[in-house]
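Several structures are given next for inspection.
Across the two complexes that follow, chain A remains constant while its partner is chain B and subsequently chain C.
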Partner chain A sequence: MSSILPQLLTGLATASSLFLISAGLTIIFGVSRIVNFSHGSLMMLGAYIGWSILTRLPREPEWFALGVLATALATAIIGVVLEMAVLRRVYRSPELFQLLATFGVVLIIQDVTLLLWGPTELPLPRPRWLRGFVEVAGSRFPLYDLVLIAIGPLVLGLLWLALNRTRWGTLVRAATLDREMVAALGVDQRRLFTSVFALGAGLAGLGGALSLPNASANLGIDLSVIADAFVVVVVGGLGSLPGAFLASVLIGVLQAFGIVLVPKITLVLVFLVMAVVLVFRPNGLLGRPQTEAREATVAAPVVRPAPPALRLLGAVTLALAVAAPFIVGGYYLTVLTDACVAILFATSLHFMMGPGGMASFGHAAWFGIGAYAAGLLLHWAGAPMPLGLLAAPVAAGLVSGLFGLFVVRLSGVYLAMLTLAFAQIAWAVSFQWVEVTGGDNGLLGVWPPDWARDPRLYYWMALALSVGVALLLRRALYAPYGYALRAARDSTPRARAIGLDVEGLRMVALVIAGAACGLGGAIFAYGKGGVFPTYISIPHSVEALLMVLLGGLQTVAGPIVGALVYTGLADILVRSTDLWRLVLGAVIVVLVVAFPEGIAGAVRRLWLRGREA
Partner chain B sequence: MEVTRRLVLGASGALAMPGLLRAQGTAPIRIGEINSYTAQPAFTLPYRNAMQLAVEETNARGGVLGRALELITRDDAGRPQDAVRLAGELVNDLKVDVLAGAYLSNVGLALGEYATQNKRLYIAGEPLTDAMVWERGNRYTFRLRPSTYMQASILAEEASKLPAKRWVTVSPNYEFGQSAVKWFRQLLSARRPDVQFVGEQWPALGRVDAGATVQALEGMRPDGILNVLFGTDLTNFVRQGNTRGLFERRTVVSLLTGEPEYLDPLGDEAPEGWIVTGYPGEAIDTPAHKAFAGAYRAKFNAKPMCGSLVGYSLINSIAAGIAKAGSVEVEKMVEGFRGARFDTPAGSAEYRAIDQQGTLGVYVGKTALRGNAGVMTDWRYIDGKDLLPSDEVVRGLRPAGAN
Partner chain C sequence: MSVLSVQGLGKSFGGVQAVSGVSFSVAPGEMLALIGPNGAGKSTLFNMVGGQLQPDAGSVTLGGATISGLGPRAVARQGVGRTFQITATFGSMTVRENVQMALLSHRREIWCFWRSVAERFGAEADALLAQVGLEAQAERATGVLAYGDLKRLELAVALGNAPRLLLMDEPTAGMAPAERVALMQLTRRLATERGIAVLFTEHDMDVVFDVADRILVLDRGALIAEGDGPAIRANPAVRAVYLGTDAGSH
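Showing the complex of A and B:
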């Protein structure tokens, strides 16, 4: 029992760290509606810059404080550069495009950090005062953790003052509530956004520097931090600072005691908390319902059937694809098979995201569930491939239906975040439940039967299935169901008013998307000979988003173009340079800035120019 | 769309041209190597350096079977599915003779699957999982490095000599951590029936909540601690443990902590007196190791890391296996690699015929501080063949079709 107090204090110290990394994210989101994937990368830069500064300073506490502040300032400047160079150019694009741009930045920063600081982790040597401790209930408690416990509320207080007692803060709060109104009143939005982004980046840098005494600067910070920060921000309520603080304390303390009581499932615990909170409070603990951004209420253009020229192009491409095994050799056939899977992956996401209006940050969950359904059936019941290919969409569809029961009321970023939480739970289960899933070693020996072993035959099968499903999805969009779904997306109240069952329509879209994606997962599993937790990882989910957004949301061909371009680009880059992340990230940023409506959208616009209007 | 696909194919075709134009006979023997160069650079970059060094040295000696060695490396980004795709490229497109590589266990297993499906020789350097050569072992897969079992068994032996009776374990919650703890418990309990395990901690890989974990372990009042954390988890754990006094008056045994990849980042906080497996680096003064370390330092101006030892030995083992087989025909190579002896900087080793596991050994010793850096002291090298279970046990673990 004596350990309760130290464990509680430890939880509070964790909470402070969590708050520092999530405060910046929530402020940036509140004002600019940007889900900033690169927030974790900014914190990583903060840790590295902090290391470079602090190792050059004297080791006394006052110099430490100065170095930490200098780091925050440096990261803030990087934030300003980032905002002016990239984000400012994409504010007018559809919401999720900014996310895509920030993910490009994540890739770039990963390689730049590796180039500048090298591959080994860099710990800050701790001077004596950072190693000090105090006796708490018979246990030693680190002095620095006490400092951290104090810093959290201190930062919260300072931010509160800045937001409530300055003119700048008033403008920020106004922009959080209704940014079009603020703009209409003559406030320079650009400066406001830049300053907010600088503040957020500075907070990330502060968090990075302050993490140094307990951890090290390393290349894994970015993705692990961003997952934590998302959870905190969503549980607290997007845009709400006190909410983020409350959520940090809740999660930090729960985790500290969870480690004692249920040491094996701490990872799942955090995401379960998030899921439970969102199911009961869809806007987070202290969040308020999102005011609809006004641009979003302008209905997306109606998707029309493709013009004859495009159909011809599609038919020619399909003919080429069917003939491909006679033209290209073994390796390119596997790349093409991967491309078929990517088409399923992207079109299924597009189905729920474009016409359905439900963005997902965790689409890889359905992919993985399909793959694991096929793999587990083979592993435990010896089921043959055709059964596996059938079971995969059924399993993924069922699970996504169940998932839909809880989330169908949500929309926008909250829904996307819940998909992320679900995907992380699925990932944790597959990664840690070694007895059933084989853990990270995966399920092996998932090969097609002899008759489908020939790569050409397997490719044709994958092609037939992916093109077939893509055509079915397209058919559904032009059926009355598809029109109803789009009506529900464009104006929920009006759709309800004419008697449409909005929740039902969305459920069906979720199930269809989940099932189609699950089929892709199973085809992929048999193609690679195994199922691994990496199928469900966050980067894989992001790949689906990249393909859809690269291709463009507003055309049916978009996700297909995106899937092909992304698969080809990634394959070429990975094989030609160690710096493929840098190049890929740069390409993504350039594409987002140059083609805000996606590749297919841009081609369509150029095509239509001079033909319509 | 059409243009895109053509572009993609055309561009990748152009990259692959050298493979198409290559002649047989006196052409170099190609080793296609796949590893997590971007996902795990701290380990894999020194490893790649040493491979290049070994290839140069082998070629300077006249190569193998009168042919030079050529090394082609690919980055799997830490994803087994990418590794399988790239294996296809290396085999079908670049016509490599031997596949090698992998750092992560799942990548190694996926490549092993690929090897057995396509009847290609695959030599794994780094992956630790026992499944590589036992439960999921197959005819075409060899593994160089001492496995999780071998590392855990030497630590269990050392731990059995200690007075500690109440043990706790802390381990990353995934296959590697789970099997290390399983073997350690089993082997230590067999030697010391009076030992009891009073608690365990399973932080998620790469995301340890170090303060709470240390506090929880402290609350169990153990005499001995088995640690399997490594990398950034280890750094965080050691810092919190030092401040909170977890390691004082306690015995700690720890997997891999003596490898410079993991020990160096601890700096002046490196714990003293932990019993660890690892790699003492330039402190090893055998002639073979001195020559290796000297050549490595001369070429890269850095000290060899554990990854360097593995990469260098990997190339040497491949050269020796091909020389013994006298051919690069796959089935002949499998027979040739079985029982092939090769020299490593650590000493002579072989690929066992019974399970195709390499007998590269383990350095075990104690950690200590020299100046501001952790080092291994009182270390000794234990040949890998002494760390493996009896042949009967191994036969029972390995599928019958694997031979």
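Showing the complex of A and C:
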């Protein structure tokens, strides 16, 4: 009995922190329908700004409170700048492009923070009152955690008052229900959106500053926090503030007890909760079904095989690729091998996301499962490379099919979030199951056999496999199966009415995409000589999204172009500047604002326009 | 011998009885109109026949086989084609490809990963398009079609399934009056030629009295009248519903 109450209180303190970050995220989503990837970055900025302010202030509690509020105000202002400079320009873009733009912001804020505050962690020196304890059920409980526990409900109450007792709040609630209607009533949407974004950013900053006494300002906050916040918001129901609070408490408390009962699976636990909730309540605990945005149903262009000139270009590129080992060597050959892997990574994601209409934030999961399948087989059973290259797609395809059983009925943002959750589970397993996977150190010595050690030979093998699989995927997309998959995406009721098995078509797409991606993972593993948890990380998943969205969803050649451009761009950037994140982030934001249909899509449009003229 | 037979069909949502005790049948080549004021239960009844909703009571049989309880996909497989109130076509495909999809599905060739769609059933698709007068538009994207053409495309797609029964939910909604009559006369001709039973809901009474062989009138979930045009016009219960309580809403 004595250990339950303190654990519960610890859980509630965690819940308050979770709520501060997820409240802003959910309100912003409710009004603008934007999933703000950079929300974690705003919290990170809050932590750094809070550190800078609080270390300059006297150490009394009242100054601490003042400093925290000043931090919230500062991040709110940053939020306003961000909204006006970036988000305002992408409100009409497809969901995933918005996400991509906000991820660009994540990268920019990463480097700006690094430039301003340096790479070392910044802990806040804790004065006496922050180190105080109170007696709870016979054990010592940190005073500051009690403060945190009070802040969560306090913020919820204030937000509730603001939303239900002010004209501004009425508009926010109305826009959450039906934003076109609010616009039609003559409300200035720009100011409404900006103010909501400022509020969300301020809450994130508040959360960042308040996290300082228990943690520190560091550069890892952004991505770790955003994953947790996504889970809370999705479990609670997108756009629902009480839902976010409920989910924060649920997850905070579960985490607190999970650490005591089964310390091994704490990372997995959170995402399992999310998966279970979404299977039984696809709209979250208190969420309502998403109303389709009316203007978003822009007619997709008709998918056609590439015109002859483009095919010729493709053939020339392929010929150059085959001849490359005679022209370049060493380092560039490694980059080219990476490009082959990137092609598999991107075309497999495109297969499920473009024609399949199923977006994924967690494509790296299949990549990692393939890589680990090959690595573990070699490490524990001494299996030769060909067997590893065969086992990788089989394993990834099987797991992908299993995952599909749970998610095939979901769609849109919820599906994307669940893919993220699954990828995090896979990452957690690879990270925490040290005895089998080697944990953070990974599996080393995953080298190809002697006959394939020659980098040129290995490159040709990678090229043959990736181009071969890409061509097979293309073939399937122009075959009845691919058309049927696209039909199910274009109009699900119509597809069912002509007798198409929509769920079956999607399941098979998930299996194919998983298998192709898993093969890429295995090729990558043998090429690098090792398998590491970073293969499954969120940034790696986002890389796949970047490649596909850079190339555009509408063309079959798009993901290949995207993979090549991204690999080249990333390579040049990483070698030429330490600030590659800043540059890449800026490039992403500009690309999304300028080319909403991707590079290949834009080229195609210009090409067609040129021919019609 | 009727194609579709509906017996004692009922459905309630929460405590509201949306449809109760409805029975009727449709013969091959017959056009049966389902009319009634807003909220009478037309869409509920329609969706129970099409498999989108499961009935609480009663049965739906097609050519003697029970289809109630099956999902929309299985119902389609049994030979039921349908068009939607808000047109639903495959936007990333051409007009011809839309029809090819229905033909591929009907011939069970969907699970083919190799052969190009371009080589499958092009001629059959064009023949169906010619029947609805869309042959000149075969290469166009559905996104650029006029609304009336989209409705005709939906008809061609529904025919691709070689249906015994055609369900048309508000087939002329959103069309100009002249187009409405043309579309329904086209449907009339196809139904007669192919012996297809047609069940349709419709708000435009001119269209209903012009093309329907028989008319069912639904009010508050129950059938209140059934008969041909003149009989329905003269029916006092129908007049009460349309002229008394609900006049002017159409």
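We take it that the second predicted complex is superposed on the first by the 605 of 613 C-alpha atoms of A that agree within 3 Å, B and C clash if a C-alpha of one lies under 4 Å from a C-alpha of the other, contacts with A are read in each partner's own complex, and residues count from 1 in each chain.
Here is the rule we go by: a residue touches a chain if its C-beta (ideal position, glycine included) is under 8 Å from a C-beta of that chain, and two chains touch if they have at least 3 such contacts.
The shown structure was predicted, so the numbers you read here are calculated from the model rather than taken from an experiment.
Novice: Answer with first, second, both or neither: which of chain B and chain C does A:Q255 touch in the superposed model?
Specialist: In the superposition, A:Q255 touches chain B alone.
Novice: Determine, under the contact definition given at the top, whether A:Y332 touches first (chain B), second (chain C), both, or neither.
Specialist: first
Novice: Just chain B (first), just chain C (second), both, or neither: which does A:Y478 touch?
Specialist: Second partner only, chain C.
Novice: In the superposed model, which partner reaches more residues of chain A, chain B or chain C?
Specialist: The partner with more contacted residues on chain A is B.
Novice: Quick check for you: in the superposed arrangement, does A:L114 touch first (chain B), second (chain C), both or neither?
Specialist: First partner only, chain B.
Novice: Which partner does A:V187 contact after superposing on A: first (chain B), second (chain C), both, neither?
Specialist: Neither: A:V187 stays clear of chain B and chain C.
Novice: In the overlaid three-chain picture, which partner chain does A:L73 touch, first (chain B) or second (chain C), both, or neither?
Specialist: Once the two structures are laid over each other on A, A:L73 reaches no partner at all.
Novice: Using the touch definition from the top, say if A:L272 reaches chain B (first), chain C (second), both or neither.
Specialist: neither
Novice: Tell me which partner A:T534 touches in the superposition: chain B (first), chain C (second), both or neither.
Specialist: Touch status of A:T534: first partner only.
Novice: Per the contact definition in the header, classify A:A452: touching chain B only (first), chain C only (second), both, or neither.
Specialist: A:A452 sits against neither chain B nor chain C.
Novice: For chain A, give the residues common to its interface with chain B and its interface with chain C.
Specialist: Of chain A, no residue contacts chain B in one complex and chain C in the other.
Novice: Can you list the chain B residues touching chain A in their complex?
Specialist: Checking each residue of chain B against chain A gives 1-2, 4-5, 7-9, 11-13, 15-16, 37-38, 41-42, 45, 74-75, 77-82, 84-86, 88-89, 92-93, 104-106, 109-110, 112-114, 117, 129, 131, 136, 173-176, 178, 200-207, 209-213, 215-216, 218-219, 231-232, 235-236, 239-240, 242-245, 261, 264-269, 372.
Novice: Quick check on the complex: what are the chain A residues that touch chain B?
Specialist: Per the stated touch rule, the residues are 3, 6-7, 10-11, 13-14, 110-111, 114, 119-123, 125-126, 131-133, 139-142, 144-145, 213-216, 218-220, 224, 255-256, 259-260, 263-264, 266-267, 313-314, 316-317, 320-321, 328-332, 334-335, 338, 428, 431-432, 434, 438-442, 444-445, 447, 524, 528-530, 532-535, 557, 560-561, 564-565, 567-569, 571-572, 574-576, 578, 580-581.
Novice: Within their complex, state which residues of chain A touch chain C.
Specialist: 299-303, 475-476, 478-484, 486-487, 489-491, 493-502, 505, 554
Novice: So in the complex, which bits of chain C are touching chain A?
Specialist: Interface residues on the chain C side: 50, 52, 71-73, 76-77, 81-82, 84, 88-94, 97, 100-102, 104-106, 109-118, 120, 141-144, 157-158, 160-161.
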